[in-house]
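Have a look at these structures, which come just after this line.
In the two assemblies presented below, chain A is common to both, partnered first by chain B and then by chain C.
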Partner chain A sequence: MSGGTMLYGGDEIGALVFDPGHHSLRVGYAQEDSPKAEIPSVVGIGSSSGSNNSNNAPDTNLDPETKTDNNVTSNNADARKYYVDTNYVNVPRAQMEVQTYMKDGMIDNWELFEKVIDYAYANVIQSESEYHPVLFSEASWNVRNNREKLTELMFEKYNVPAFFLVKNAVLAAFSSGRATALVVDSGATHTSAVPVHEGYVLSQAVVKSPLGGDFLSRQCRQHLEKHNIDLSPVYKIASKDVVKERDNARFTLRKLPENLTSSWQNYMVQLMMQDFQMNVLQVLENPFDERVASQIPMVHYEFPNGYHQDFGSERFKIAESLFDNAMLGAGQLASTSVGMCDADVRLSLFGSVVVTGGNTLLQGFPERLNRDLQLRAPSNTRLKMISANGSVERRFGAWIGGSILASIGTFQQMWISSQEYEEAGKSQVERKCP
Partner chain B sequence: MTSGIQVSMECNDIFEQIHKFKQHRYVILAIKEESEISIEIVGRRDAGYDDFLVDLRKGGPEQCRYAVYDYAYHHQCQGTSSTSLKERIFMMLWCPMQAKIKDKMLYSTSFAALKQQLIGVHKYIQATELDEASRECVEKQLRVLDRN
Partner chain C sequence: MSADVRDILDIDRANTPEITRDSFLATKKRNFERTKHASRRPEGMHREVFALLYTDKKDAPPLLPTDTALGIGAGYKQNKARLGMKKVRKWEWAPFSNPARNDAAVFHHWKRITDDSTDYPFAKFNKQLEIPSYTMTEYNAHLRNNIQNWSKVQTDHLFDLARRFDLRFIVMADRWNRQQHGIKTVEELKERYYEVISLLSKSKNQNQNQSSEKKTFVYDAEHERRRKEQLEKLFKRTIQQVEEEQMLINEMKKIEARKKERERKTQDLQKLISQADQQNEHAASTPSTRKYEKKLHKKKVHHQPRPSKVDSVVNAIEIGSSGIKFADLRGSGVSLRSQKMKLPANIGQRKVKALEQAIQEFKVDPGPPPTEDICTSFNELRSDMVLLCELRTALSTCIYEMESLKHQYEAACPGKTLNIPPSLVPIKSETLDNNAI
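Right, the complex of A and B next:
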């Protein structure tokens, strides 16, 4: 190998891997098995008028409950306060709005996104950004404008020595040992089917639908509210008594600051629903049938306020919406995507369907997808589903793939180096990162 | 996208010996020291498919490998009474389920480099479980290329 290609010599200084999603941003060092931190993709924004101790004295108060702000970039012109990461976002605060920086799988609000990256460098990585090459994952349908903007941001603001951008579907396929695969990714805001052929995304055949984890959360909430079940998240509850099943909950409310915003309250209910859906919901292997569903043992769930009951057939009925063909369910999504590819790759795509994303951890998801896809595939097609068994691998599949890719010695020559960036500018990303 | 791993010259030579001169039945390739694809095992011309499957997994049940195999079978064209012998070369990416993610990643990202180097392969096969590497499954995929 010619000299100069190993400039960033992987061993001494670790590369960093960022995997932004709608639920969270995964951050960590390359070569590790799992991300160092999972930072929620929402930022709390407080108004400046809410606090009166806004002097710039060094803040030594580390308690997230009372600390006024954890905006690491102090900028006097911007009087708003930013709260990043679970410990700060999940604290009730007057007039704190919650806002996400993601939209449609892509980074949308760059100002907020930078706050989160600043936070990640200061509190998770705890090192200077100019020492670490950075590998980012992106949605398969990311647009050129966005990719260039991210490249520019990393080189100009964070002075990274090298940068690389990979499609998350490609990472998921490679980490399952496949260069050609149909990647079915069900995440927080959408489910997508992305055909990857020999390491490249066939972008004209990407199909996605807005049926994801958040959609299920809304369905759960609607269902529970219809049955008059009180949805008080943990933050509201000071103490609770043990009650009998289906008895009204007896709990006392915590004293809360006034003027809690509805965006924050909704966010907290959503977190609670995420726990509910992961514990209670399940997908039937065949289309929903009341008789079959009612035969399956019920699942017990206790809400934060102490109310508890068994859930029976409704837990299948809610999850069924993910496979509803009237709304582009997962099976139809996958077969549509394959159908849009060239005839000669269809067989190999059906032959390796990689299932990834946090929402696929829903019990029975891969089995049902397998069944739906089998029905839609041409007869005598070999269908093969590949899904990692561990929940860590499924949730962080793309991150783990990136972590390994960034640590491969020979891969170092693929990065965009700061020198190349200075010579040719941000358009390098289109040339070097397909 | 590729990992930047190189294919050693000996791979080209051995491929030529299989492709042109029919000297060997198959060859098993492995990535050495995370930098180069090189030859691990060469299969004799009279070796059978079962020998191949044994050699493929000789490194251990959790090891990834590449393989090139010159597969022969008889094919009967529609409307004819005799069969003709077909020889098709396939290349396999073997990434068993139990393999470390690191190895899966290394082998699958470097597959493209190997494809680029070795010209004349009829079919590329990816396998993560033994049934995908089995004779029936492989032959079925090769026969797709034939006209009925």
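Right, the complex of A and C next:
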């Protein structure tokens, strides 16, 4: 510790930062600028017989490495096999169900979650868990039971030297350099507006809606299916020919193992839809107007089977559903949330509206939110939106905030150490991590 | 070279001697000796290489800075520029314990081996608020009875929250256990907290009879509630209401402008009337008086042949450009009263400077608490100060003018002195001058 490092207040102690979300779990070392790995928050569960089948299937010409099971998850006592991370989950296997461990922004299936953490320690961190303090993020509406369970898990199973739990909205605000902010977080399953006052979430004024990226994916899928566009994900396609626009696709199917589960197939279609919505969808700055939308250049998109066409006004219409809802539109959420706060803090909240979450990368999202908020905010308020420009900063806002927080010198007194845990038990997480 | 070509083409070798080691060395030596004098390119040397060594003009070789000449680091004049000459200081992954923590948990971080293990440097930032506590007897004696019917449990909860969130009342109100203790607003929490604090400090002072009474903060909950209510109303204005208010303000401004216009017109009219009257008088006056007047006028003109600065200064002051016109705060929405005391933007830099000096000179608090009375008086005071400054400058110009006139007079009529009537002699002009500048 020398004068130079004191200057910026940083003191790195080898902490890890975990940021679980519905789309993925972000894992990495504190003080780095982006997470080491982004692990999808779904786990493939195959029965033992099913996994044998997939191992024996010689015709799936995929990378041989991906065909093997995850060594971490193989459990002799348990007949089932678990597949974690993209390389393993995205392989077609007979009777492999795909299941998420998250529910409503909180960790729900602890068994699966442990598999993912095991995997993260073994393949991402590649170090022993007892050497690294762990900072976890959580949803702002996380319940006491869950928080205590997570604390217990980390101390009892992973023997971490220290643990801390922070609301992801607070971390997102920190990553933008604010202690007081209104954090509008649009992720896979939720869009939420969370007021943060001097580093504390005002929990009574949290507003959330179930309109997120997954909702858009479903809308896209409905729309495309209505127009009889074949949605065959990449895994089905062995080869394809170049065809003219809007011509029927000519492709050959790959030979696949039998008994692919519908949950896995849906998951693959959903991944494809995520690509579609990020490339095609856009939000207009003003409420949807057919005339305006039709004047904007069309966007070309080619599906995995080779079919391609231009998308015009429908790409605005689908995205509009995030905003035009009278109750759950993003602008309405934000203004409702501010309206529930004490009158003294409203000005400062409007003064820094932090936009974060992967779904906000939808083209035009921040601009539209700005416009909607401007209409709803009182006339004498100064509205300022803060949205990171890079897609990494926007998607991993909470993780980056955690990375900053865990590597600040003055934060090192906040950890719940293993000694404290042994003395006072898991219930202190409620006091120590506000 | 040509020999090689001939060799390759199988042409008879010319009469050049075959190159042996000895002959080669011999030629080299000879050539070298020759180049010393004539600096001709030796045979076998490439042109480019030769050009590097000996250019046509025989320039000195280019100078290149070096830091290794005359021993390590001696190439520089100043020792400071010796970069990277020290040995690398090692870092180690060392354990440390943080005195800001209540437990003795040991973490690891990178630290220089040479650094002494002093206290954790960030521990000094661990500041905690002092929040008083009370005992059961104290509570029963002083805090049991209160108007808002706070129970002991509620008060305990309040103080617990105050300690946990360092008196961030907004967060405290958010985390207030509503199920057990009912909903409390920020104002109620503050009211109770400051009530308890003042009661506690009072009782302690009574017990110990200390003369040094600690100041307690008096919280005016009623006022705060009304303020919040107003703020709430302000936030809840609809766009129509805002527009209506703006419209009304504009209308009012228009009316005022019209009123001013009318006043100006009547003044002009009165001026015209009085001028007409004067002209009539002039016309009516007899020629003799007119002549006399003319004479007088001439004399006057003679008296003031040169434009005097004094006039302009005095005029300016009389017209009333002096002083500060503080802006009326009639914008939309609420504003702080301290805004009233802000100097308007159109005041010049010099005026502001002079004002600052005057404030220092009279030892006035430059930022008094902005109550209604203080606001108006402070503004008047500063307006007067500016006027005072201007008068001082005017006075000093007058004195200067008078002095220069006197000198002119004495120069024009040598031997005579101009007697200035005592009423015009400045009193303590020096001190005023000093202050004015």
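The criterion applied here is as follows: the second predicted complex is superposed on the first by the 397 of 434 C-alpha atoms of A that agree within 3 Å, B and C clash if a C-alpha of one lies under 4 Å from a C-alpha of the other, contacts with A are read in each partner's own complex, and residues count from 1 in each chain.
The working rule: a contact is a pair of C-beta atoms (placed from the backbone, for glycine too) under 8 Å apart; a residue touches a chain by one contact, two chains touch by 3 or more.
All of these numbers come straight from a predicted model, not from anything done at the bench.
Q: Chain A superposed: clash or fit between chain B and chain C?
A: Clash - chain B and chain C, as placed by superposing on chain A, overlap.
Q: First (chain B), second (chain C), both or neither: which does A:401 touch?
A: first
Q: Touch test for A:198: chain B only (first), chain C only (second), both, or neither?
A: both
Q: May I ask you to decide whether A:343 touches chain B, chain C, both, or neither, giving the answer as first, second, both or neither?
A: Second partner only, chain C.
Q: Looking at A:409 after the superposition, I want to know if it touches chain B, chain C, both of them or none. Which is it: first, second, both, neither?
A: Both partners, chain B and chain C.
Q: Quick check on the superposed pair: does A:133 touch chain B, chain C, both, or neither? Answer first, second, both or neither.
A: second
Q: State whether A:176 touches chain B only (first), chain C only (second), both chains, or neither.
A: So A:176 only meets chain B here.
Q: Once the shared chain is lined up, is A:142 touching chain B (first), chain C (second), both, or neither of them?
A: Neither partner.
Q: Looking at A:100, would you say it contacts chain B, chain C, both, or neither? Reply first, second, both or neither.
A: neither
Q: By the touch definition at the top of the document, which applies to A:417: first (chain B), second (chain C), both, or neither?
A: Touch status of A:417: second partner only.
Q: Please state which segment of chain B collides with chain C in the superposed model; the candidates are 19-27, 73-81, 109-117 or 127-135.
A: Clashing stretch: 73-81.
Q: Overlap of the chain B and chain C footprints on chain A, residue-wise?
A: After superposing on chain A, chain A residues 1, 198, 200, 409-410, 412-413, 434 contact both chain B and chain C.
Q: Inside the complex, what are the residues of chain B that reach chain A?
A: The touching residues are 1-6, 34-35, 64, 93, 95-96, 99, 101-102, 104-109, 111-112, 115, 124, 126, 128, 132, 137, 140-141, 144.
Q: Quick check: in the complex, which residue numbers of chain C touch chain A?
A: 96, 98, 100-105, 107-112, 115, 120-123, 125-126, 164-165, 168, 170-171, 173-175, 186, 228, 231-232, 234-235, 237, 239, 242, 332-333
Q: What does chain A use to touch chain C in their complex?
A: Chain A residues touching chain C: 1-2, 6, 9, 11-14, 133, 161-162, 197-198, 200, 202-205, 339, 341-346, 378-380, 409-410, 412-413, 415, 417-420, 423, 431, 434.
Q: Considering the complex alone, what residue numbers of chain A touch chain B?
A: Touch residues, chain A against chain B: 1, 166, 170, 173-180, 198-200, 347-348, 351-352, 382, 384, 386, 393, 400-401, 404-405, 407-414, 433-434.
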